[in-house]
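Some structures are shown below for you to check.
There are two complexes below, and they share chain A, which is joined by chain B in the first and by chain C in the second.
Let's turn to the complex of A and B:
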């Protein structure tokens, strides 16, 4: 990075530190923060959409729809995240490859399962073996987004399901009395009002999602915890220009500060949202706002 | 797009499996120096990197390096996410049931017990740290010792340093540089044990062609005398080499 970095052993402390903190490995560490933030930025809306779909299905009028919604919510919520991520991602990846195999290699005569091996034709590999490593990383990230969205979608669905049922029945009755169809009543009356009841639960799910990002490494994506552990581990002079003892405590302390700051900011945003959504609601917070304004 | 895919597929069929085999993805852990580790630049480095690149060059293959968590390194191989495991993995019967190994490129290396200097331990009663899913962990379990498992090699050393475990059991090649760099803090605390049948490259059981290719290259490197200097370069003069 800097010109004086060619021989780190001869450097004064601050320059040594400057060189150390700008090695290629540290750059990968800093980039991993971007990966985690990007994951959250994509996963949160996706999980919200899935949750909405799940909650709506669980309240559906047709029993098969209702069954799908309820089964999704209960099964995914019941399976431990780590088991889900270990099993589901490999299964999902193999599922995609199996579909591509059926489509692209109709003439393939060898079995796909040979003992414990999973073998599809080379053209069906996802990504192709010849693809650059960046494509493999992007694909791993994509699988991660799907997995996180499904897991956290189930929690969100449960929260929204509860919130929908909490909207006062009188509100819906009034909507019906005005002659609204169920669809109109849902979108015009229930949907705007349910958020205030859903927010405490949603903020919980969001916090858990933030804290669950270290599971990314299970999915083959190098995340911040992986790099912190890798960088912090003791290094001997034989294999590194920057030998140091076990510094993991410092790296993890840094991660702690990052996560705390992140969740603190999130809490503030949620507090604001709650205030905004409580306006005009028949809740304690809504009543307080009304009196405050008067 | 469809036409392009069909054309590619047709080409692949015409070229046989050679085309499909041109790029090989090499799976490693990246946390076990000198075998494999991530260097300051963030790239995979170490004995196995140098050896793997040399083997690929000799076999005329393009090799891409991938890191994977030790815990899931075998499932991801059989699932086809990469084509080889080259991660200081000892050849054992248990692993051989799930995957295949090439012949060993490293002779069996003694496993050593390392603890705080000045102590002496009895492996059957002391608390021993080992990495999950290693031959060393299996050995402690087999002799009925108090095993403490960790996901990475680094964690096992940290456990000894902070007193959680009385000693760590790992390959002497891995522990030797650490003992040397510890400045007298760590030392060997019990007699060595011989475990495993040497270190080989893991491949899928169905990948007989790839296995044969690498077997041939390893034989070639043993015979023309390029493998031993490479071992000495990374593991030092005292390392076990091929006769």
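Let's turn to the complex of A and C:
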């Protein structure tokens, strides 16, 4: 990175540190923070969409639809989320490979499960064994995103389900009295209003989601936890230009501070958002805003 | 191996009693049920102890947060912020590596007349180190719940106590705290459920297993890795956890009934399973 970094053994302390913190591996560590943000950026809308679908299903008029929605909401919350992550990553992978196997190799006659092995034909492997390393990484990340979306979709569905039921019943009845169809009443009356009721719950889900991102490490993605363990471990002079003792505690302290800052900033943004959404609502907060303005 | 023999060999495997080797091939359904069940011992151990220690710490922190003295209030606020604002997973890692950094031989504490050597090695073991983290973590979350409840104690109750000449510690113990606990109980139930679920993180976060003595998720993961079939061990694990969750709801519901026994039937708050409003 810097030109004085050619011989780290002969450097004064601050230059040594500057060189140490800009090695290629440290750059990968900083990029891993981007991975976390990317995961959040993809998962949050996906979970919101799944949550909306789940909540609408749970309110559905057909009982099979309602049952699916309710089971989806309650199962995910009765079991530790980490168990779901570990489960979905293998299950989804095998599911995709099985589907491709059915489509690509119709005349494969051997059973797929042979004792302790899961064997599909070579063309159905995901990603193909010939694919470059980056594709394997991206596929792992993709599976992780789907697992997160499914689990957090259930959390979101629960919040939105509650919020939909909190929108004053009289407003829906008024909509009906004006001759709106159920669909119109949903989109014009309930949908715009439910967010202010859902916001405390949604902000909570967002906090849980932030705090669940380090679990990416367990799903085999090289994320910040992976790099913190890798970089922090004791290095000896034989194998590294920058020998140092066990620094893992400091690396994790850094991650701890990162997450504290992240959640603190999120909390502030949600507080402002709540204020913004409460404007003109028939709630105590909305009333307070109206009085403040007058 | 019949199922009875499997039970004898592996029922207490998680705490090191029974067969030394885990099953390697020809996994039966019975083995998976027994081993994952034996791992639940650890989940129960962590959940029960963390909740019982954490409860008292949480009560202390919640009371400290209501204090007018900033020297008492600020540390409590920071404690809650630190443990609620960061992931439990990272807390486990940080605590483990911090405990590893402590001198292997122990710390010499000089008391002037006698020198004590504090042994610190046991802190890196899951049974102690992870338990400390879990206690602090649940204390922070519960303290936030209790703090909210302390603030929602009806003003009239406190004024009535004053009118009767009940004040200070007696007022807190007899009037404020019982009411706050009653108000906080439904939310605290959900915190207990969440903590129970969080115990699965212990053996995946730095704290090593010794002699393959792990918790339920550790064994479920072991079977899923060996058989490459997640569709058996994880649903078994899920079944155990749903049973555990129902047991918590039942037990805490009993306590809730006890706390609300003086109220008319209609006013009593039933416990609703809504965990995501807390964490």
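The criterion applied here is as follows: the second predicted complex is superposed on the first by the 294 of 294 C-alpha atoms of A that agree within 3 Å, B and C clash if a C-alpha of one lies under 4 Å from a C-alpha of the other, contacts with A are read in each partner's own complex, and residues count from 1 in each chain.
We adopt the following convention: a residue touches a chain if its C-beta (ideal position, glycine included) is under 8 Å from a C-beta of that chain, and two chains touch if they have at least 3 such contacts.
Values in this document were obtained by computation on a predicted structure and should not be read as measured data.
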item	value
Three-chain arrangement built on chain A, chain B and chain C clash or fit	clash
First, second, both or neither for A:22, with chain B first and chain C second	neither
Touching partner for A:242 - first (chain B), second (chain C), both, neither	first
Which superposed partner A:155 touches (first chain B, second chain C, both, neither)	second
Partner chain in contact with A:166 - chain B first, chain C second, else both or neither	neither
Partner chain in contact with A:129 - chain B first, chain C second, else both or neither	first
Chain B versus chain C as contact partner of A:78, first or second or both or neither	second
Partner chain in contact with A:218 - chain B first, chain C second, else both or neither	both
Contacts of A:56 with chain B and chain C, given as first, second, both or neither	neither
Partner chain in contact with A:118 - chain B first, chain C second, else both or neither	both
Segment of chain C intruding into chain B (one of 115-123, 151-159 or 241-249)	115-123
Contact residues of chain A, present in both the chain B and the chain C interface	86, 90, 94, 116-118, 217-218, 229, 246, 248
Interfacial residue positions of chain A with respect to chain C in the complex	74-75, 77-83, 86-87, 90-91, 94, 113, 116-118, 155, 158-159, 162, 200-201, 204-205, 207-208, 210-215, 217-218, 225, 228-229, 232, 246, 248-249, 252-253, 255-256, 259-260, 263-264
Residue ranges of chain C touching chain A (in the complex, touch as defined)	25, 81-82, 84-91, 93-94, 97-98, 100-101, 197-198, 200-201, 204, 217, 220-221, 224, 226-231, 234, 237-238, 241-242, 245, 273-279
Contact set on chain A toward chain B in their complex	23-25, 27-28, 86, 90, 93-94, 97, 104-105, 107, 114-123, 125, 129-130, 132-133, 136, 217-218, 220, 222, 229-230, 233-234, 236-243, 246, 248
Residue ranges of chain B touching chain A (in the complex, touch as defined)	5, 8-9, 12-13, 17, 19-20, 22-25, 30-31, 33-34, 37-43, 45-46, 64-69, 72, 75-76, 78-81, 83, 98-99, 152, 154, 157-158, 161, 177-178, 180-181, 204-206
